[in-house]
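Common to both upcoming complexes is subunit A, partnered first by subunit B, then by subunit C.
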Partner chain A sequence: MTLLTSPLADVLRSRPGTRQELNQMSVLTQVPDPKPAETLGLADLSYLTRFGVKGPQSASWLSAQSIPIPEQPNTWAALPEGGLIARLGRSEFLIEDGPDSQTVPRLAAACNSPPAQVYPVLRQDAAIALCGQATQNLLRQTCSFNFQSLNLTEHPVILTTMVGVTVTVIPQPKSHHPIYRIWCDNTFAPYLWQTLAEITTELGGTIIGTQDFIPYTGQMP
Partner chain B sequence: MSQRLDPLPTEWIERDRLVPFSFEGSRYTGYAGDTVSSALWAAGQRVLVRSFKYHRPRGLLSFANHDVNTLMQADSQLSVRADVTPVTAGLNLAAVNTWGGVSRDRASLLNALSAFLPVGFYYKTFHGRFFPFWERTIRKLGGLSAIDPTAPRLRTPKQYDFCDVLVVGAGPSGLAAAIAAAEAGAEVVLVDENARAGGSGSYQLGGDLDQAKQTAELIQMAAAQPRIRQHLQTEAAGYYADGWVPLVEPERMTKLRAKAVIVASGAFEQPAVFHNNDLPGVMLASAAQRLIYRYAVKPMRRAVVLVGNSDGYRAALDLAANGVEVMAVVDLRAVQVSPEAHAIRAQGIPIFSQYGIYAAETNPAQDGVCAAVICPLSDTGEPRLDQRQTINCDGIVVSVGWAPAANLLYQTGTQMRFEERVEQFVPDRLPEGVFACGRVNGVYQFDKKLIDGRRAGLEAAAYLGFAQSVPSPVPAAESESPSHPWPVVSHPKGKNFVDFDEDLQLKDFYHAAQEGFDNIELLKRYTTVGMGPSQGKHSNMNALRILANINNKSPQVVGTTTARPFFHPVPFSHLAGRGFTPERHTPLYSRHLALSAEMVKAGLWQRPEFYRQSGFSRADCIRQEALNVRQRVGLIDVSSLGKLELRGPDAAEFLERLYTGRYQSLKSGRTRYALMLDESGVVMDDGVIARLGPEHFYFTTTTSGSSRIYREISRLALQWRFNCGIVNLTGARAAINLAGPRSQQVLSQLTSADLSAEAFPYLAVREAEVAGIPAILMRVGFVGEWGYEIHVPALSAPALWDALMQAGAADGIRPFGLQAQRLLRLEKGHVIVGLDTDGLTTPAEANLSWAVKSDKPFFLGQRSLAIVGQRSQSKTLVGFTLPASFTGQPPEECNLVIDQGEIAGRVTSIAFSPSLERYIGLAYVPPAQSADGTSLAIRNSDGAMIPATVSSTPCYDPDNRRQKESFLTEAV
Partner chain C sequence: MKIMTCPINGPRPISEFITAGAVKPMPNPQTADDLTWADYVFNHDSVPGVKREWWCHTPSNTWFIAERHTRTDEIVRTYLWEAA
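So, the complex of A and B:
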């Protein structure tokens, strides 16, 4: 049953392509011509489930749940079963499942009655992914942060603004060009997406589905 | 093409590609690579524009995009800078600032009237009752282009960029600096305003092409260096903190952040001041040299060269080497130290030492120069007219000095000093990470510029840690000053221009000083020197010398004016860029559009104002929506409300300190109105606090206050060190208010929760599933009906909306928008913070004292409120009604309440109540006029006085009967 709606459903509605229901959400999985994504691709990954937690005891609670904790603030780590955990400061975390992992439901259930100084954070973000050789060009038009200065082996998490919207960005090193994962408040998502999509088109790229995105990642994060 | 030279190895034009274009209705042909100015000059067109004030004919001056002599309009494209704009096929150009064309400008009459239009005359003339007339006249006369409002929008997306070292200027020193820094390992961005790199190294040659070859080698080295990125046709137009520099390119602006900046921006060549120094044909030496070597255009046939430095002799040699007959070299100096003087004499060209040009004579066609009147100068620079002589020529080339292009350096905070050795300001103390080289650093000779550039490049690299040790050979001092200290010759007839943008003459400066404007900043504002589009590039230095001369002070003491960014004109389209304007959509945005909602901006949010019904007016739609809530059931998207969650053992105490009410005593499962004040006791925000558990609260803020309140609460949580954690859920949760006598009936179809009044009373909160979605339900009555505020995870909101619409179909459910909500709450007398309050309103004034528990130990604003409470209250918020028979134009929000001709208050809200069938509203009035039944007079927007009567609130359901289940049963 489709209970959830992607924050980007409205702006993707007219997009031709194949749709599937994933995690109770209708998801654009494939588009007819994904080839321009080699130049620049834009995908909606909002269907991936997310869980947030903050508070002085959040790190130790997550450890107790067998979640690997990134040691430094503003860094991320891959989860053993798929997905990732991002440390958004000293004591706040974002956990996102991969397409096949079930870490988030497990953590949400465990946090139904949270212990002292552990505060669950409802995450209803829009999740966007960028791939292709022109990603730097797009980022330079939309964000004042110098992504090229990053050492991606250190797994940085960037909290910045993009076209005036607060975003969390994780660059992930892949075979040819890094891919960029972007999360933002869902209420800003249509504006952010439309702006990114306009620039993507100008730069010769395209919007792609979640399946189209897989070749750029090797596997989903 | 009569002025074209034979092909030169340095030229930029492609002779096999002809480019047709038009100027002032006449057809011309240039070569690909030509600029508009070079193509017109090659074709013999001498008058390119008319001057701003006196409409005098003007030709080339700097030929470097540094003056406004060649500002044109190309169809709808404004401010085309002909000196640097490439000719393109079909380009249709017109001169600006003319009445009847550049050749027959009727406004040139102003030139004859110039004696009556001295600087500052408008301050003394255009005021008083005739000001509107003068304003219209001046607006008609002024302007440098005509805006075409139908012009298509240009796409000018901005971008960010980053580098280790930014080198501004790709002349010899800039190239040397960039190569040195890049070879040391730095990532370098090299910018230059010209279409190609090389700067003066490619055209100030003294007739010797060897220097051009050396420069070409440097250009090749820079192009081959992978760590150098070149941005040509690009101005570094300003310097901001942290190394941010806007790079203005033809199509866009790039905001570049550099870790170090090397300013190698060179110098602006300066004009000499003599009678008729603005005639077409009088040009700077560097302009003539650029015409020759870049575009193979002969600047004139016969030239008189006015010099004050060696550059002038080299220019004379360049002219002579390229077919220009040099009639004379007129040297302002008594002693010639320039080695090139020998070469000039060897060619039989006469040199007049300690001579100046007294005047340029106009040719019979009035479109150029036909002779130069020269005469010896006294030791004080006065012309000795008894020995004057006239030399026929069709061009005067001026090379008397330079002003450093130091605008960026000033903006970085560089301290400059006036160096008499080179007669210019040079950097005295550079800020950390800023370096200077070349002419802007007082270094002029070609070889020395290379040394200076390399020094700056290595120093910048070392500053960034790329080079361990820095050999810093400083170039030897210049053998002579490149600038003359007084290139000015007075003339009784004036027209010896100092500022070509504003037609400022030498005498204007003396007049300004006589009137007391004898400080450089005052002089600038009185005369407007340097305030035109050129921003003083060719006038500030001479103005400074003139003021120093008037005051008998040194240039160092006189000082310079402030050089603010942007120091070079930037198109508005570049500043606008792509135009990012963030906006927020609730998860139900598309649902609203599908229901024909008219959206309205509420802060960053897009919200439905009302839902349009075919065949009904806006007012009818709003009234229908309101009546549907009163009689059946409606739903409104309130997702834009701020939504916060607070957990922890200190959560209740924290809330008690934040808000005016009591929350430690609030039972789990209950909600309470929450009012927040600022430190001065003014109403800042309100909302509802729900207690979900002993240490767990969920609460709302106003739509406009959500971000601000979250920031403030987070700050106070840190400051007060309470053991609780706050989470902002504004975006993560959506909310729908389901209201009306049938709301219980509708909701009961979607939840298993007990909705009876006993189990779920007014102001209670419950957590339950609605349509399979986990939700927080609050029994609230903002619109005055039985209702539920349903808060769900944002991604589930569309499913909830659809379920409610489906479940309520049989009960006549309809969405209602902001306007209906405002009307409904007005009937109920509920205040909207920010609409019915302002930045000075206290709770007592807004009738919210009931929400303030002053006997609490502490809450924000409590102390101020106690002080304010000791004063007499000046206003109070009351309800009012208009007579039921009123049919005219009703008052609007902010219309004034008038008492005995004086302002007594203002309307904050007003709407027509379909339930009460009359206009109702809220207004601030003096306490003496707040009693029920008091007559008020409200002045309408059109000036009419509207009678109104104070009436108690709420005027709808004052006994709250509609929150009782008995009424609900009866209504359903």
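So, the complex of A and C:
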């Protein structure tokens, strides 16, 4: 079986820690000292499976597949089996599975012969996650958008730029500090990651594995 | 920092936007005579004032119309093409 490669595989290759094969991808799951992530943690979640669809009929097609549709553009909703759906603009959607759900393979199979005005979108994004009490500090240094102005109960999706890279950001309210999910084009991923990693280190944080990230997420959608 | 309001994404720094120039109705290239087509291609309204322009919020690829005063650079309002 062919092993898939994270867009961040090269920059994470020399990182010490435990690796597992998840969704046919070698994934950094645990690092020796994840404690500084309470200040600021940076994790690669690119192994989660993703599916994109756009077109005037994409919302009705997703509804027919029993997927809940966020009503407003640039909002997201949790999927019943785990994972999330983000509405990007008016007629484009990003669906991402959680660690244990299987929604994306089902949608991909159903979209092999899509109906008219439904167009599948190849999503090979890098998926990054931020956690910890210093996330706002990092965001202020890298992004011109004021994330503190958001009402997180409205489930906002932010399409903006971070250190010059176009990103999709979803802040998720958690117990102490929100976590931030970030997606970007895979070709920009090493640059974005290295920049975020340098700032994370400066602020006293660390790179963590997917298992280390779970305590910050609760039940990750 | 200069702020522009995208009709979909809300207020954002101007660095997230690009412009594609003034909104100009295109004559039918199959039926327009040379004079009309040359006027469309080469002549532009350079008198300062509030002009309608195409702008795009690049992170979301949202195209919209902005009414901008070309002397003061004041953005009067922004809206989607469908709302024009």
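Quick note on the criterion: the second predicted complex is superposed on the first by the 219 of 221 C-alpha atoms of A that agree within 3 Å, B and C clash if a C-alpha of one lies under 4 Å from a C-alpha of the other, contacts with A are read in each partner's own complex, and residues count from 1 in each chain.
The definition used in the following text is that a residue touches a chain if its C-beta (ideal position, glycine included) is under 8 Å from a C-beta of that chain, and two chains touch if they have at least 3 such contacts.
Everything numeric in this text was worked out from a predicted model, so none of it was measured.
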Partner chain(s) touched by A:54 [first = subunit B, second = subunit C, both, neither]: first
Of subunit C and subunit B, partner touching more subunit A residues: B
First (subunit B), second (subunit C), both or neither touched by A:185: first
First, second, both or neither for A:144, with subunit B first and subunit C second: both
Which superposed partner A:167 touches (first subunit B, second subunit C, both, neither): second
Common interface residues of subunit A - those touching subunit B in one complex and subunit C in the other: 144
Residues on subunit C engaged by subunit A in the complex (per definition of touch): 1, 8-9, 12-13, 15-16, 57-62
Sites on subunit B touched by subunit A in the complex: 157-162, 255, 257, 578, 580-587, 589-590, 605, 639, 645, 647-649, 723, 725, 727, 729-733, 772-773, 793-799
Touching residues (chain side subunit A, partner subunit B) in the complex: 1-7, 9-10, 13, 25, 46, 54-55, 114, 116-117, 119-124, 137, 140-141, 143-144, 146, 148-149, 163-165, 185-192, 195, 199, 202
Residues on subunit A engaged by subunit C in the complex (per definition of touch): 73-74, 88-90, 144-145, 158-161, 166-168
